[in-house]
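Just so it is clear, A, B, C and D label the chains in written order, and each chain counts residues from 1 on its own.
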Amino acid sequence: MKTGRLEAFSDGVLAIVITIMVLELKAPEEVSLEALSHEWPIFASYLISFVYLGIYWNNHHHLFQITEKVNGKILWANLHLLFWLSLIPFTTSWLGQHYTNSTTVSLYGFNLLMSAIAYFILQHQIIKFHGTDFILKKQIGKDWKGKVSTLIYIVGVCLSFLNTWFAISCYVLVALIWAVPDKRIEKHIL
Amino acid sequence: MKTGRLEAFSDGVLAIVITIMVLELKAPEEVSLEALSHEWPIFASYLISFVYLGIYWNNHHHLFQITEKVNGKILWANLHLLFWLSLIPFTTSWLGQHYTNSTTVSLYGFNLLMSAIAYFILQHQIIKFHGTDFILKKQIGKDWKGKVSTLIYIVGVCLSFLNTWFAISCYVLVALIWAVPDKRIEKHIL
Amino acid sequence: MKTGRLEAFSDGVLAIVITIMVLELKAPEEVSLEALSHEWPIFASYLISFVYLGIYWNNHHHLFQITEKVNGKILWANLHLLFWLSLIPFTTSWLGQHYTNSTTVSLYGFNLLMSAIAYFILQHQIIKFHGTDFILKKQIGKDWKGKVSTLIYIVGVCLSFLNTWFAISCYVLVALIWAVPDKRIEKHIL
Amino acid sequence: MKTGRLEAFSDGVLAIVITIMVLELKAPEEVSLEALSHEWPIFASYLISFVYLGIYWNNHHHLFQITEKVNGKILWANLHLLFWLSLIPFTTSWLGQHYTNSTTVSLYGFNLLMSAIAYFILQHQIIKFHGTDFILKKQIGKDWKGKVSTLIYIVGVCLSFLNTWFAISCYVLVALIWAVPDKRIEKHIL
């Protein structure tokens, strides 16, 4: 099987997920910049999730540029990733409304964690299907970025029960680590 | 006519249907994991429908990989399938809110049943247009998976008036039968 | 300019328009098939609009299969068509809620009329850009289907102030006329 | 990296942004054309935003037709543009509800201004990556259209605190300037 339609479907889902989050932005009842400024947590959580989904799209794009063929397991691993990413508008909206509550902050981190694990499984299935000489295997190497982010997410989820700001800092930190497109893969393609 | 744009349009609709279901997930008023856990039927029905739509996308993908050309009847059979699939966010949301009510459970099963029939019609039209030597005809053979699922859906809809859990088990069972991509077709392509 | 990306964008918009209509379907408060059956006008208007958008997608698909190149005017004529089609979820929802009211019925007809005019303009711009020998010009001939539908829409809008059922019958009639893909174009391609 | 998937993703996001705005159109409670006519600011703001998003899609289309390759910076510059455009449904809806309020009018202008700046950055990154001989550099020349529009947006945002009609006129003026596809680029392609 070719990768074309899988990429098109994933692009579709990611484009919708990144866009429908805006439907959760509700204007304040009082019409003033001051009233709007009180809604900053809602906009900040929108921004973080937009960046995260942008990172996933970028990495997904890179990943499938070197993937040559897909099998049933890769199709399902991809759907599994899209499932967790599709929940981000929900967890983002709840986070934006109650950003000092450990429930919403830990849930948001859990969503990011499950997405990262799903991405890891997808990557693993692609490598397994392409064989040990596959270029992706060499490039990601020990995949320290993937492992470190997973660790930071877990720390973040735990910290959210102590101090939500520490937890949110963890999530922002991982976003910063990934915001640079994966040079390991890009290097090879260019 | 080529299949390209039909696939692109179907991918678009399926991507939107699978994603907008998340707009029906409403956070509980009380902000706690306990309050969220009471909403499990809403998340469970979201998960089942996500899997079903994933299955339809996978099978649609497989189906059109061996379809070489389309005519007007195939276009309409495809739109007919998309119509029933487009109603899934509605029936899913109602099911999630009232999962012990025979009305919502039977309606959800009816939606799945009509989608299965629409898929059967689409498949039939494609075979008819490509002639008796068409590879798809040989592969699906007697199409026992299609027939068995249709039967289980009908049983599920009937059972929903006796016990909704029996009905829901039927729907989950069909999802499990199909979650494995159709080997009959995949075997040929690989 | 090639037609590829214009088709992709139009497919995207049409796929979203046809799908988000489902967000307007609200479950009745009382959970029973009887309560749901009272909502039939909402489902009937959803069905009619789904068929209409399917027709537009089919015809748009046919139209651009023989279009070889696009210019700025064609891009804008296409956006103009998408504008009117994008309003269909709004007029459909209002129609479904008040199907015996001349305001909603005439507005729905007006939306269909403007979409038909926009399609006519798009078709005209494509013919103009491709020259008099262009195959499309010969195929559509005097375009009686386009002219008759426009007339029936106008009749429907006027009738909606006398009897909404007459008006709705007009809209259904046009849908039936077009539900068969445009043989004039298909004949040439096959 | 090729531009194909970046274009597909951008088309997806733009198609969704342009379409979900219709979800913000709420029918008046009273069912009459008179009641609907009182909602004209909501429809007018929908129309302006539809035209703006159409312009961005057109220009984006033109831009990537002459772009040959993309790097990480271009990917992020493109996501940055999509971020600001994704906020348009929110600012449009608020503008439509309170069109005589300086807050909503200035916010809408600010959104347009940030989108224009994001487009400018994207264009700049593409030129930088392709080198000084790149055809785009010659075509846009001093980019007076970009500079003039930016200036008018800033004037509009300032004027919105004096008179909202002056501000809205500024936004309409820029739309008119751009509604004609960029001849500088088109000339080269045809």
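The rule is simple: a residue touches a chain if its C-beta (ideal position, glycine included) is under 8 Å from a C-beta of that chain, and two chains touch if they have at least 3 such contacts.
Bear in mind the structure is a predicted one, so any value in this text is a computation, not a measurement.
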{"item": "Magnitude of the superposing rotation for chain A and chain D (Cα, nearest 5°)", "value": "90"}
{"item": "Farthest chain (mean CA position) relative to chain B", "value": "D"}
{"item": "Numbering shared by both copies at the chain C-chain B contact, with half separating same from different", "value": "different"}
{"item": "Interchain centroid distance [CA atoms averaged], chain A/chain B, Å", "value": "27"}
{"item": "Chain B and chain D, separation of their C-alpha mean positions in angstrom", "value": "38"}
{"item": "Shared interface positions of chain A, touching two or more other chains", "value": "8, 12, 15-16, 20, 23"}
{"item": "Interfacial residue positions of chain C with respect to chain B in the complex", "value": "7-8, 11-12, 14-16, 18-23, 25, 27, 31-33, 36, 47, 50, 54, 57-58, 61, 65, 179-181, 186, 189-190"}
{"item": "Sites on chain A touched by chain B in the complex", "value": "1, 5-6, 8-9, 12-13, 15-17, 20, 23, 71-72, 75-76, 79, 82-83, 86-87, 89-90, 93-94, 97-98, 101, 103-104, 106-107"}
